[in-house]
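Should a chain be cited, it is by its letter among A, B and C, assigned in written order, with residues numbered from 1 in that chain.
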Amino acid sequence: MSRKTAMLHPDRLLPADPAVRATARALYERVADAPIVSPHGHCEASWFAEDAPFPNAADLLITPDHYVLRMLASQGVSYEALGVPRADGSRADVDPREAFRLFAAHYHLFAGTPSRVWLDHALHVVLGVPERLGPATADAVFDHVAAQLASPAFRPRALYERFGIEVLATTDNATDTLDAHRALKALAFGRIVPTFRPDALTDPLREDFAASMQRLEEQTGENVTDWSGLLKALRARRADFARLGATATDHGVLAPVTADLPGPACQALLDKARAGTITADEAALFQAQMLTEMAAMSVEDGLVMQIHAGSRRNYAPSVFARYGRDKGYDIPATVAWADGLKPLLDRFGFEPNLRMVLYTLDETAYGRELAPLAGAFPTVLLGAPWWFFDSPEGMRRYRSQVIETAGFHNTAGFVDDTRAFLSIPARHDMARRMDAGFLAGLVAEHQIGTDEAFALIGELAGGLARRAYRTGTGQAAPGSDRATA
Amino acid sequence: MSRKTAMLHPDRLLPADPAVRATARALYERVADAPIVSPHGHCEASWFAEDAPFPNAADLLITPDHYVLRMLASQGVSYEALGVPRADGSRADVDPREAFRLFAAHYHLFAGTPSRVWLDHALHVVLGVPERLGPATADAVFDHVAAQLASPAFRPRALYERFGIEVLATTDNATDTLDAHRALKALAFGRIVPTFRPDALTDPLREDFAASMQRLEEQTGENVTDWSGLLKALRARRADFARLGATATDHGVLAPVTADLPGPACQALLDKARAGTITADEAALFQAQMLTEMAAMSVEDGLVMQIHAGSRRNYAPSVFARYGRDKGYDIPATVAWADGLKPLLDRFGFEPNLRMVLYTLDETAYGRELAPLAGAFPTVLLGAPWWFFDSPEGMRRYRSQVIETAGFHNTAGFVDDTRAFLSIPARHDMARRMDAGFLAGLVAEHQIGTDEAFALIGELAGGLARRAYRTGTGQAAPGSDRATA
Amino acid sequence: MSRKTAMLHPDRLLPADPAVRATARALYERVADAPIVSPHGHCEASWFAEDAPFPNAADLLITPDHYVLRMLASQGVSYEALGVPRADGSRADVDPREAFRLFAAHYHLFAGTPSRVWLDHALHVVLGVPERLGPATADAVFDHVAAQLASPAFRPRALYERFGIEVLATTDNATDTLDAHRALKALAFGRIVPTFRPDALTDPLREDFAASMQRLEEQTGENVTDWSGLLKALRARRADFARLGATATDHGVLAPVTADLPGPACQALLDKARAGTITADEAALFQAQMLTEMAAMSVEDGLVMQIHAGSRRNYAPSVFARYGRDKGYDIPATVAWADGLKPLLDRFGFEPNLRMVLYTLDETAYGRELAPLAGAFPTVLLGAPWWFFDSPEGMRRYRSQVIETAGFHNTAGFVDDTRAFLSIPARHDMARRMDAGFLAGLVAEHQIGTDEAFALIGELAGGLARRAYRTGTGQAAPGSDRATA
């Protein structure tokens, strides 16, 4: 994809010092157009299977983006005025142009935020908007975007090609039909793979736990009221995902607690979970045991196990009640990684076929727990700075606190983790620029040589992610994917 | 106020890189002489009502400044030798000149601390001292200061004018007579407003709780043994403060825990508190409920609610017993903001008239909890880096961890929060320099344009604080004070 | 020691900005060849007493270095393949040359880590290796090192002299015979002093607690089943250490909890500890009380009390079982300093003869608890960034979070804390370069003058450590060792 535009400075996000910037620019240029490896994110396979045009600038850039929504709400803009869809499927009758004007009138709020960088990139680089967004240009930008979206060049599949995506992973409930993925396979389009996310089956307190268990039983024919039947059913679904190209699972937890219980204790917890009589402590223990079971299955099938921990979901009950999940009111929590993972690591920490990638919303754990764990256990890699920390300063803190203890090769490379498809190139571009700047700083301080920096920028821009997520061959390749000299 | 002196480099605290410094200097120059907005601090209204001269350099710069005292004590200087007033009102018979010599002999200890920056500014810019303070110059500096303090130009009111103060808020017990504020109003001098701080009424374990309740009853004529009577009395006092210009309340707590209890439970806690039979847990619950009540009253009367959390007060019992509060032995604690505030935010988080400004001594909460809360709730703003973190590096960490998630407009601007009157210009000057440097960095990395940086420096140097504290009109102006394009 | 080599850039680790670098270089040059003050570390006195040659490059640089081992293990290299000695004393029959080849093949893993800096310095500056280590040069480097180690110039005593060591402290069990120290004293070689570390006597849950108590009884002739007898025995051993030059004690704890119990309660805990019936909570209380007793003895004998807190030891049970302690699987934990130390500080916080140096693996405590404590209590100094944080970025975070609150003079200077003897010059060199860079930054921002920076670099490169550890005279010198103007 052409990434040049007169609207954005070619040296944006590179270090200010002229000598360091020159090195950073050379490093960035080396990978600026490298293929995008996106092994974790929240795009929908159906977008590509159906290839329908995106609707309009407001429904493309505002209402689905919880980063944008929460910032507008924080300054008193109501979700109703923006036409945010409600949990019940209804939505206020808002003209998308009016919503976009409201957004444009508040665009100054994003100064200094990564959303601003992503949105500017989407507007100017992807959509070719020739002027800065603001109150005075809202209508012109809206119209320009409308014209672009009407063109075949801006359909999902065309953009996928233009973005230079090598692999794109979606994130899917364990009981998803995967119909869209099947359709894509039939089309032989691109490489869009599912990711197995069993949260609705592992957390008995979720409102959709019972229904998900029911569905799992139907899909697999296993008796999931029986502990060993449940494990069999999960194994079967994992295999279904792997057949459609999945190389990873994903586990979203508030706390990454694990357990290693004997079978009868597991059965007892399952009984209570199914009966709906489980206590909060027991539910946490069930979830902890399930994480360990997932690790056990990863040892068998080689699916890379992602753990995303520390998000206190749906903190504002009024927003959750009216608009549902993922609307900007998730607040990070402290995370006790080392204590939580110990039972799992005691059992599987040195299994050659296990690969865990850890993502945290508690940055204090970077230096204190995560880098030491990733820098010692062959099964542990540290994922990229996540969510609120997927930002220039977030990346700086991550590099500052992680690399000296874990090295580069125990990190899992960049993932964009987005449901905002148009922001994918922007996010990888930001990471590549920040990584180039970080490496240039090491070169400037003579900690590494220029030759090493050029080798490492390639790793950071794709190589590490390919190996971490085992996407190199499309096959889980146990043991064959460690760094070599 | 003239801020030039040959003793201090004009580019102090600006970024080292020449190109970035040039931008920072231009930004700083734009606001260097802007009026001082000081909506939170600990000066005394009586200083200005009485306008008596300050006594001498030791009692001006050393004994009232707990930053200075603790540093001297940390290297073995005793409070007795400095003549620090004791809790019982007595003090060692120490010649102020001797105390000042002792201070000067240890002035090297402050290298690299903000106290050094503030003291140098007070000495050279405010007091016009023409030489560096040190053992050899102690007497000369002491004499120079004495001569200045004897002049009318160094009386409190003259300095207030010279400093260019637009508004100065004091912090006052809820049961304060506010006589000095009344006197100032009669004098029509300046704009010095009280702040309603009810800590002695909301924490039943304080030694002055019973006496404060008694006083509240006398002042308001309400029956404060009755829960609804207590609330009425508090409302009445808030109105008294507002009539004298208050736009804010202030709440100092170790942990920002809130509660939302039914009336009978509140009455039961109050009964035990008044009877002196309340347990520590119950006292914490009482305090938590009171925070929520204060929010409810802010919804009614529009007073901005400040919460200062995380100070473990009076950590050294021997110092507290001999010298009392605020003597340098308060040690920060971890703060669980998101859990603590949830009951309050569940009830009032989207109230258009509520405004909360949060101050933390636990910096780990910036990125993990505070910026996400301020960046989502329209009622929450994040206060400036506080106390130990009101410093160049503290400001850098704050900007690095807050802005990307909350943006600039969900921060409350700078407050000097000081009882060291002579340090007020120094503190605002430091903040303006650091903000100019931060913005210049964003410009240098092409994250914002120069035009945006010039707009933002004005916000940071006064605009945000005016809006956050609703001082623009001297009136709480519900709903009218959000950022607009 | 000549520190020049064409293999390493003379400006390595200095700031990138040319003007700042020039100042930093001048500051660094001032102390580059200053004597090495090493008052805390883990070298063995016997190396110098026996002065035997080091065996080979693998057993010198790889198998004893847990930083190196864990990084190799994290990428799948087994300890067996490296010939790491097992806990039972056996080891795999591995050719050291093969182990070194394996290391060389993975040397790229260390890019960006402090191990890389230390290893490069040891190879090129200390050992004179003329080429970069990598797979292609493994054999040549191995042979070069072998040739060097065979020469008398690379014996321990010769290197001690060449490194310019002024004082080197070892760390020794409280019941150590100290024979090697006695031999060194007889030889009148150098200044190698023991440090009293009683962990095996203060933690009743250690496997060697009973044996250590038995040994203590034999060594001292005191009845250590009696609380006062135990204290007498500990006093006697401390005196033995002091006679051999010790100026400090060392205490390794997960949590720095202290207690101040009455005698009968202490006796009861000791009874249970000796009987092996003590619970985990009681054992923690025993350990807490022992820390306070150690402080009481330091008040008497002037030994400086070091506390190293926050290491969750032996996190991987399989590694511990097979290879024993200190093999790279210690993971930091959160540390509650202010709560933990309160009982001790309530009692001894202002004792003129007490000196405590605190080391943390929880960096969040720097600004929140440790700098405020060190910046207020005359008995508390903050130790250098430790272990994972003994690194360029770790030092930057430490300076950024500590100095503004505690000043330079409440920090204890640099300690290398290493068992890798050849890394000692590298570690001090890194610290001196980073400190020069930090001071140059303060000069560039006009926070301190150049004259102050030159005075401070001398303090940071040795003066602070000498005073903190009272090594100036070889005698604990109560009260005489505070900073003076």
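Rule of thumb we're sticking to: a contact is a pair of C-beta atoms (placed from the backbone, for glycine too) under 8 Å apart; a residue touches a chain by one contact, two chains touch by 3 or more.
Chains and their UniProt names: A, B, C = Uronate isomerase.
None of these values were measured; they are calculated from a predicted model.
Note on chain A (Uronate isomerase) versus chain C (Uronate isomerase): their Cα superposition corresponds to a rotation of 120 degrees, in steps of 5. Judged by shared residue numbers over all numbers used at their interface, chain A (Uronate isomerase) and chain B (Uronate isomerase) contact each other through mostly different positions, with under half in common. With each centre defined as the average position of its C-alpha atoms, the distance from chain A (Uronate isomerase) to chain B (Uronate isomerase) rounds to 40 Å. Residue positions 17, 364 of chain A (Uronate isomerase) are each in touch with at least two other chains. For chain A (Uronate isomerase) in complex with chain C (Uronate isomerase), the residues that touch the partner chain are 17, 19-20, 336, 338, 342, 345-346, 349-350, 352, 364, 367-369, 371-378, 380, 400-401, 403-410, 441-442, 444-448, 452, 455-456, 479, 482-485. Residues 8-9, 11-18, 70-71, 73-76, 105-114, 116-117, 134-135, 312, 315-318, 328-334, 361-364, 388-389, 391-394, 396-397 of chain B (Uronate isomerase) are the ones touching chain C (Uronate isomerase) in the complex.
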